[in-house]
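Each of the next two complexes has chain A plus one other chain: chain B in the first, chain C in the second.
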Partner chain A sequence: MRPNRLIGWYVFPALLIGCAVMVTVYFVQNPGGPMAARLLSYAQVLTSTRQHLILVLVSSLLAIMAAVPLGIMISRPQFRKIGIVIENVINIAQTIPSLAILALFMTILGLGFNTAIFALWCYSLLPILRNTFAGIKNVPEGAIQAAKGMGMTPWHILRRIELPLAYPIVMAGIRTAVVINVGTATLATFISAGGLGELIVTGISVGRDSLIIAGALLSAIMAILFDHILGQVEAALTGNN
Partner chain B sequence: MIKLEKVTKVYSDQEGPAVDNLSMEIKDGEVCVLVGPSGCGKTTTMKMINKLEEPNSGTIYVDGKDISTVNSIQLRLDIGYVIQEIGLFPHMTIADNVATVPREKKWPADQIRHRVDELMEMVGLPPKIYRQRKPADLSGGQRQRVGVARAMASDPPILLMDEPFGAVDPITRARLQNEFLRIQEKMKKTIVFVTHDIDEAIKMGDKIAVMRRGKLVQYSSPDEILSSPANEFVSKLVGKNRSIKRLHLIKAESVLDSGISLTVKSNVPVEEVEKVIEASYIGVSMVVNGSGSLLGAISLADIREAQGIPTAGEICQPIFNTVDTGATLNDALSVMLNYGESFVAVLSTGNVFAGIITLGDLLELVKSDAA
Partner chain C sequence: MIKLRWLAVAVCLGLLIFGVVGCGGGGSSQNDAGESESETVIENWVFAADHEFAVRPDGLPKLEEEYGFKFDDVKVMDLGVTYGALKEEQVAVAMGFATDGRIGAFNLVNLEDDKKFFPVYNPAPVVRKEIMDKYPEIKDILDPIAEKLDTDTMIALNGKVDVDGMQPKEAAEEFLNDNGLLGEAVEASKGKVVVGSKEFTEQLILGQITILALQNAGFEVEDNTGLGGTEVARSALENGEIDMYWEYTGTGWLVALEHEEAITDSDEAYQKVKEEDLEKNNLVWLPYAPFNNTYTIMMRGVDAEALGIKSISDLADQINS
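Now for the complex of A and B:
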């Protein structure tokens, strides 16, 4: 158990970060031409990565804070019917391409960081909400009946029975949302909110592969890192680490 | 005491009432079995007693109090509730499952721990081994034991049991039923027990309430149900072989033959055993140790294969066709059929050999009953 924890929490993340550093160093040393060299400095990569991290973290946290309570609420028996309606509305909203959402919000909220956060937040809501709702709906009816019949209060049934049993599914929703979010955040550059997308988009416009590959690899590594860390959190909290 | 007065329950999505103007009384310390085909309203009736369902009309009294005036959480905390094994909380350990109601009642932690250990001991799951296991690690029979222990955790005077022994094989079920009856003999709870299995009803009930389409068809003791069914429905439910069903009502200890002539001590030499076997009407000799515990049986074939002059204890073979003294004759019969033997050894606590019941004994009983 102990070595597993060591690998899960420290060794594997350190390896991923090591990869990211190697990718950065390699491309900064071999930018492939003077124009790319100007754009591919350590400072630039660091700034883009930091912006990307903040975009993902802030929008994901806000999405979790909104979608989990909402999911719990619409799973209450008295709201279930409304819940299905809300779920469907968000389901349809999710089919709008992410780039279109960014553009749409740009026309309303203008350019910049806040708009990007808001768009990413909208986009992360659904997987979390849907999984929270599904997770609670899937709790065995027998367990709830038994809990109720033994005199547990609705609040205790939610806290001690429904949420712990729904938890792995909720967590899977959060992981999906965050991983998608890392990818979608590369589009934030179009509304001048920065992020690793800036490397990629600049790379495309100046025709330099090194920029595109550096940006793509770094965001891919970030996605894997987030997914892994959330997996560790999940395992730690369910106690089967 | 539980009393139902003209209780009716109608579901909007169903034709006809689920429970129709039902009145009955369940006395303290009695096991009342609600039995009937599916959809007859037995589960609904039970669920109205702990307010999982509210009747459309009529009144239910628990201990003289109209339960519609009682807070449902308070009411339920004082009524044990067992449903089929799916009712265990899969994410909690066995100890946490059993501790559910005491926790809701905010007992101090050490009292809860003590009570959980006591209950697990009572239902035959040593707490040292099982406390930290999850329901998924247990067999079906063990899970149902946990369900019973959990319902008894705060020592409620009333238990509601919805097919509590439904999802296990017949042998395990018989064992659970016997264990439960033994516990009930000491605890004297007021129990409402729902089943669709008339055999189980006959075995478990002090009173049986036969239900059909939401109505009470007959409410009387198992013996009466068997001897004078109220109408054709009840006699069909009970079935043709009523005298065989009576086997459910007779305890093994009341008919066994003490089998002294069949028994040898483990230290007797083999020639003596041979004489006993030749005189034995079951073709084997039972071997017991100094304190009377059954070690096994010896047949003539075992003696023939034996080398030298061993004692009985050295050549006896373990036997599995055994029942407890508390088992019914029906249990004895199913054990015989299961092992293809024409007798069972009856054991009291500590494996002490109490006697023998043969297939012939059972036939004799059924015959005299039918006559």
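Now for the complex of A and C:
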């Protein structure tokens, strides 16, 4: 157990961060022309990465806080009908392209951070909600019956039986949502919310591959890192339940 | 076992606090910009630019060098949203295209490019020489129209279509009638002319204006407007599929005639492109319109007035003071 945990919590994340630092150093040293060098400075890459990180963290946390309780709620028998409506509304919302959501809410929420967070939040809801719902639905009926037979209240059943059994599926939804989020956050730059997309979009519009590759590599590393850390959290928590 | 649970709670709380701090940080910077501008003392000269202009050596860096100033901060965004960002007071100055309809609709003003930094893009009707030889009166029909098309007029026309939802044809008709450019309608059929345009609002309006004016003068006109981009319209003209369309001097010089260096003087650009295109491609450039659809630096009208800023040099002085 222990060496595994050491590798999982420290060595692998450190390796990934090391990769990110190497990518940054490489591209700052070899920007491929003065035009790309304007963006490929340590300060600018750090700012973009920090903006990207904050966009993903804030929107994902808000989405988890909204979608997990909602998923639990619509899995209760008394909310079955509302549940179907909610799930369909979110399903439909998911079909609107993310760029369109950005453009639509720009007029209401203004440019920048808030709108980007809102769009990313919208996009993270569905995977988390659906997995929470599916996870709880898939708890074997027998386990619930047995719990009832032991005299557990519905609240106890939820906390002691349904949530622990549904937990891996809920976590899978969260991981999916966060990884998608890292990618979608590259669009935030269109409405001046910054992020690694600034490197990528500038690279595309002035035809500088170094900018595109640097931005894409850094956001890919960030996605892997998030996925890995969430996997570690999941393993640590299931091991103790 | 219990410790790990607390660790999880601590991590979640940490992330949450991080998130809230991030939210607060993002929010407050916007408020700063909003507050400082409401009393027209602009402390933070934040500039909205698109991704390309912000880094191109002949874009923002050269502009700042040429006029000798530096913006406090640059916010990078898609070109279409800079107008809104400026209107919403999220930035103090923004770049855009000089004849966009939103400039009028959002009460923004173009700052004069007094050092002739930006390349010029004056539009002029480009007609095949064959057609000009056959119907020389086309020049007399289109000259007075081109004369009336200044930047403010074009902003208003684009605004009618893009902001108010009018059809390009209605806007064109209104413009011709308001300026008394149509005169007596001629019934006799003089011959057939095919008019083209590229596919964006301004071009569609120019195309419709041309069609209406020629129809009124007794020509049978085929409407071939909305031809995609420059490449499509230009090759249609060179192949004789259309007889004329409005092209911008800068585009003609850089794209059609494939020169590398942009020209920043209207007359010079027109004369050069006119001579070369006639010689090489048998195309006639009729006199150009005064409006210039180039990059522009914009401010909110109220701010510009309160601070007495009319040109980019004034802006530079204000920022440096």
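In this text, the second predicted complex is superposed on the first by the 239 of 241 C-alpha atoms of A that agree within 3 Å, B and C clash if a C-alpha of one lies under 4 Å from a C-alpha of the other, contacts with A are read in each partner's own complex, and residues count from 1 in each chain.
In the analysis below, contacts are C-beta pairs under 8 Å (C-beta built on N, C-alpha and C of every residue); 3 or more make two chains touch, one makes a residue touch a chain.
Owing to the predicted nature of the structure, the values given are computational and were not obtained by experimental measurement.
S.K.: In the overlay, answer first, second, both or neither for which of chain B and chain C A:R5 touches.
M.R.: neither
S.K.: Touching A:K81, do we find chain B (first), chain C (second), both, or neither?
M.R.: neither
S.K.: Which partner, chain B or chain C, touches the larger number of chain A residues?
M.R.: On the superposition, C touches more of the residues of chain A.
S.K.: Output check: A:P34 vs chain B and chain C. Expected answer is one of first, second, both, neither. What do you get?
M.R.: second
S.K.: After lining up the shared chain so the two structures overlap, which partner does A:L165 touch, if you call chain B first and chain C second: first, second, both or neither?
M.R.: A:L165 sits against chain B, while chain C stays out of touch.
S.K.: Per the contact definition in the header, classify A:G149: touching chain B only (first), chain C only (second), both, or neither.
M.R.: In the superposition, A:G149 touches chain B alone.
S.K.: Which of the two partners, first being chain B and second being chain C, lies in contact with A:T107: first, second, both, or neither?
M.R.: Touch status of A:T107: second partner only.
S.K.: Would you mind listing the overlap between the chain B footprint and the chain C footprint on chain A?
M.R.: none
S.K.: Show me the residue ranges of chain B that touch chain A in the complex, using the header's touch definition.
M.R.: Going through chain B, the ones touching chain A are 47, 50, 52, 72-81, 83-84, 86-91, 100-101, 104, 150-151, 160.
S.K.: Which bits of chain C are touching chain A when the two form their complex?
M.R.: Residues 1, 4-5, 7-8, 11, 15-16, 18-19, 22-23, 26-27, 30, 48, 50-52, 54-57, 61, 75-78, 81, 84-85, 88, 90 of chain C touch chain A in their complex.
S.K.: For the complex, give me every residue of chain A touching chain C.
M.R.: Of all residues in chain A, those touching chain C are 34-36, 38-39, 54, 57-58, 61-62, 106-107, 110-114, 117, 189-194, 198, 201-202, 204-206, 233, 236-237, 240.
S.K.: Please name which positions on chain A make contact with chain B in the complex.
M.R.: 140, 142-143, 145-153, 156, 160-161, 164-165
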